[in-house]
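There are structures below to look over.
Look at the two complexes coming up: subunit A is in both, with subunit B in one and subunit C in the other.
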Partner chain A sequence: MADGSIGLWTVPLAVFGGAIRVSTPFLFVSLGECITERSGRINLGLEGTLVMGAMSAYGISYLSGSPWLGVLAAGVTGALLGALHAGICSLPRVNDIAVGIALMLFGTGLAFYLGKPLIEPTAPRLPAIDFGWWSDIPQVRAALRINVMFLIGVALAPILYWAFRTTRWGLLIRTVGESSDAARAMGHSVLLIRLRATMVGGFLAGIGGSFLSLFYPGSWNEGLSSGQGITAVALVIFARWDPMLCLWASLAFGGAAALGPALQSVGVTSGYHLFNAAPYILTLAIMIITCSPKRTLTGAPAELSITR
Partner chain B sequence: MDFGRISRRHLLQGSAALSLGAAVGVRPAFAAETTIGFIYVGSRDDYGYNQAHAQGAAALKKIPGLKVVEEEKVPETDAVEKTIESMINLDGATLLFPTSFGYYNPHTTKMATKYPKLRFEHCGGLWTDKDPKNAGSYFGYIDEAQYISGIVAGHTSKSGKLGFVAAKPIPQVLRNINAFTLGARLANPKATTQVIFTGDWSMPVKEAEATNSLIDQGVDVLTCHVDGPKTMVENAARRGAMVCGYHCNQSALAPKAYLTGAEWNWEALYPKFVKMIAAGQEIPNFYRGGLKEEIVKVSSYGEAVSAEARKHADDIKAKLTAGNYVIFKGPITDNKGKTVIAAGTERGQQDPELEKMDYLVEGVIGATS
Partner chain C sequence: MTTEAADPLGAVGAVAPAADAGFLQRHGASIEYILIPGAALVGALAVFGIFVALFGKNPLDLYFYMYQGAFGTWFSWQNTLTRAAPLILTALCTALPAQLGMVIIGGEGALLIGALSATSAALALQGAPPLVMQIAMVCAGVIGGGLWIMLSGALRQYRGVNETISSLLLVYIALAILNHLVEGVMRDPASLNKPSTREIGAANMIGSIPGTDVHWGLVFGLVAAIAAYILIYHTVFGFAARVAGGNIRAAKIVGLGVNKLILTICFLAGGAAGLAGMVEVAAVQGRTNANLAAGYGFTGILVAFLARQNPLAIIPVAILLGGISASGGLLQRRLGLPDASVLVLQGIIFVFVLASDALYGRISFLKGKS
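Up next, the complex of A and B:
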């Protein structure tokens, strides 16, 4: 301990710190997608939204000097992309998955194009709250430097869980997702509700992107997302469309992403490719454990094009 | 264009010394400018590999009579052939720099066969005598600059623990890790380098996690071999660690934490190539070198570098530049205790054995697989 090293304790600490640092984008994207999918639509374009959000947040933060303005810009960009997805899907005989793939390519392409001049400058970053003041171990303090967006995300999960069960809006989204005919019979516009749900989903995914560029890893470059948006969309299925499970799944993915580097740092060097693949192995394992040939996926909204 | 046939007389006939296109007159259709095409695999302002090449291209733009066309984010597939064709047919490029390793075979060689009068200069050191004569390949021994970084890092580190964020365990990367470690142990014989492989060339989240894990282990000086060192540099500086850069100068990202770095020196090499062509000399098809040949360079030292470290580093740098210093000099054992270079054996800069490197030297904590 005298030389500032904490030996093998690095691994649990890194997994814990990683769960906090890496999970936030997963959390926001999966919660956003949860809302969208509960309304009966899949927006696969959230990978593009995430990258666009990261780029616009970085750009606005750099130009205005305020990272929070950047977060807002990322949310608005995400909502606009969500509106685009919902708008196209409102047309007759349009497949939401195909539109999502198109928007994923569109979003990343546009972000790379517009983000070209943003790779070099350094934008102001989001502040972190120091929850590690009680500890005199620098590693613990570093792991506990938590961004407020993570806390917002963590708070959002139970709020959404509650909202889906008890609020009028939550029930309406679920109605549209379970049976659009029933919603129509009740006099609600299915398309309008799905538009709003997709826009909120996009808003959250955009904010998730702003975390990537403004907090961790904390700069804009083209490899920034490397598929995290798509992983988060898959997380929703894995979490059975339940916001609380989305939270745990995001934390698990974040921690698993930190496992590979952490094990290498303490000298467990064999098979690091396997440890780097930990998040995916985890997904497969849980999918195998929870699936059953006797029933369809529990919790899947009936109107989703994959279940219909 | 057959540059080999430019005579001095032809050159004088041209209005400007460097207006090659008009001087040779192979392509009377285009103006008195020579067009040079640069193709990058990523973004040219990535603070890394591609930016280093773009700086070389920028050096050429300053030379009157030269026109530079560039294209970024060209994948290592058929796409590069299309880019080369359009640079030749639409922009009139007569000298092309496909800068990424995977562009060479079969793409650049195919284009070189198709356009035998144009010159292709590929970065990566892959040319063999079976390939077309108008395709050249050049590369730099950047491990020499990593060695200097290692010396500075070894002097600066208080814990004696250094960190290396690496992409993949291929010979070039291992050579950099080993040179960095050998340099550090010259300064501090007890120094160790902890290496973390992220698995790919551009993985920002993994690179940031690797940086944090290394610092949690007590590492206080870090360097890397990934495409864009920006993530490592910024995250290490935020945690209060020192960094050595790679590919190009990242001191602007972390002015206080930046010690020094191993940089490519394409802005010296590319004008040299153009001058060789203008003077009618042949560029060797297989062109390589290190500090001595000015293909790589060392970033100027940051303020945190002590006078002692500067002196030591400058001393070795002078010897490398003079060409009378060998980094991989036996006895060298790997980190499993096996002798990899026997006592009395010197593996100089150009030794082909070094290109097959598959071990990590003593002092490196990590494994190649």
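Up next, the complex of A and C:
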């Protein structure tokens, strides 16, 4: 057993390990989007933010030698893109969905442009914690090499859950998302609160991007993200804008996305591309099952344009 | 057009003659539709000029080479028009559902499925006369792409699934299906480095418009755009669609079959993008492979928004953006800009165009009142 021939057990093990590794960007983007959507705005541009985050993290990590500075840079880039989204959306009669599409194209284009010189060099990566030291089986050890970012993301979900329920900020964001009139009557600036919520959302999505380039897959190229950002946005909808459900949904997604590579590692190569599309098919299937034309979704912020 | 518009404006500002004020009252809105996107375009070009200046390139060189690469020579015109053809068709994929208030951004997926269906039809009919083959390819492309986007429309209507997200997810699913088939059952064993299907055969290609290197796909695009315009603005069906787009409840009260409207419009929209896929196969690539995912579907979204979802306006806008993408090669060679610079410029234009939405009805001198 110890020589690595653990047979078909490789698949569930690789799916488990993959779920943890692949879910991290989903987790950060969906938590970020959760904050933005709770404030009553949807930012479809997080796909672009994710790619920009990945590029800037890789670039800064390469230039400074510190991957953590890279993570910070990714967050700041994401926050700036969020500010751009919120800024344009605060103009009268501008549609937030359309602005999101524009920023998706803008973010990916800009990342490809600025990231051209970064495809060759190797930047320092984020470290991982070895939770598999007790095992002799290499697959187990590989599956249990867990990145700190994943742990931060997991911790963030209950913190956000608590913050939405009990803190002043959480309440304000929810008020703005449920009824901007009520918030305005209370003397709060709706646009300012949404600006902050979108910036924090962008910050988290950028960090999610840094994980892509600095840990897994762990390099910068133009095919790095193919729809993870948009899948994460859809994930928030069927997680019912609940940070804890976002966590579980992200894990399920990570597992689905890891299925293709896991099967490939045991020699099942037919249908590789279809298995790679599993997260998208899963998203669509869950949306079909959980949505309904008759009623608005439970838990949906009333001001959100996408659920009207 | 903008300069023509400027002259009566000056006159109104100064003396406000009754005739000119009347002219503005009648045409102020139309002038806005040209003036505001035009200004957004100029603003975007200016910002892009500053952007490349930050990288040490001369913006004036940039504009010169962009013009040269897009419209400077007959050769670049042909390149531009060849790229405009699929853009017109994919833009219709966003613009038609927009009449109903839907935001469909999955043109790329319908294009891929259309290409795949058209190739399958051609490979199944090997040996048939070219004309039969081409008609079959058009039908297969339109039906394949049409059903693909109709799925998004049906999911929205019957399950309440947001069409923007579902259509985008379907792009990635379409790409996976294409890769799966192209690397699997449909693979030509001779295509080693770049997995592809077998070729549809040179005799079955749709060829160029006589006297040019521009393929017939451009004519397909022009006909589709004009037909879409007539459908939306000059038929009862189009009127019903616009009523439903304006107020869905009112449409239901007056007894319009909203479900049928949405499914039909989505089918036509996807059919247009599927036709773009067929054109790319039958006029450019000759086979299906991953090269088809060249982003025409995504640029088409921008074309539709810049044209304010008007099928006729799509034609000049598609030529403009076809020109921008045609100039990418020259910018790369002469200025050393990466190929992604076209994407950056498209993104900037998109942002400017959306931000300019705030200006409609707010330019005081266009209201025709003094």
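Everything below uses one rule, namely that the second predicted complex is superposed on the first by the 282 of 308 C-alpha atoms of A that agree within 3 Å, B and C clash if a C-alpha of one lies under 4 Å from a C-alpha of the other, contacts with A are read in each partner's own complex, and residues count from 1 in each chain.
Rule of thumb we're sticking to: a contact is a pair of C-beta atoms (placed from the backbone, for glycine too) under 8 Å apart; a residue touches a chain by one contact, two chains touch by 3 or more.
In this text, all values refer to a predicted model and were calculated from it rather than measured experimentally.
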Subunit B versus subunit C as contact partner of A:S23, first or second or both or neither: neither
Which of subunit B and subunit C A:N147 touches, first, second, both or neither: neither
Which of subunit B and subunit C A:N276 touches, first, second, both or neither: both
Contacts of A:V266 with subunit B and subunit C, given as first, second, both or neither: first
Contacts of A:I230 with subunit B and subunit C, given as first, second, both or neither: second
Which of subunit B and subunit C A:F112 touches, first, second, both or neither: both
First (subunit B), second (subunit C), both or neither touched by A:E120: first
Interface residues of subunit A shared between complexes with subunit B and subunit C: 112, 116, 226, 270, 272-273, 276
Of all residues in subunit A, those that touch subunit B in their complex: 3-6, 10, 13-14, 17-18, 21-22, 112, 116-117, 119-120, 122, 139, 142, 212, 216-219, 221-224, 226, 228, 257-258, 260-262, 264-267, 269-270, 272-273, 276
Interface residues, subunit B side, partner subunit A - complex: 42-43, 45-47, 73, 159, 161, 194-199, 202-210, 212-218, 227-228, 230-231, 234-235, 238-239, 253, 365-367, 369
Sites on subunit C touched by subunit A in the complex: 103, 105, 155-162, 164-166, 168-173, 175-177, 179-180, 183-184, 298, 301-302, 305, 338, 340-348, 350-351, 353-355, 357-358, 360
Residues of subunit A touching subunit C in the complex: 44, 84, 88, 91-95, 97-99, 101-103, 105-110, 112-113, 116, 226-227, 230-231, 233-234, 237, 270-274, 276-277, 280-281, 283-284, 287-288, 291-294, 306-307
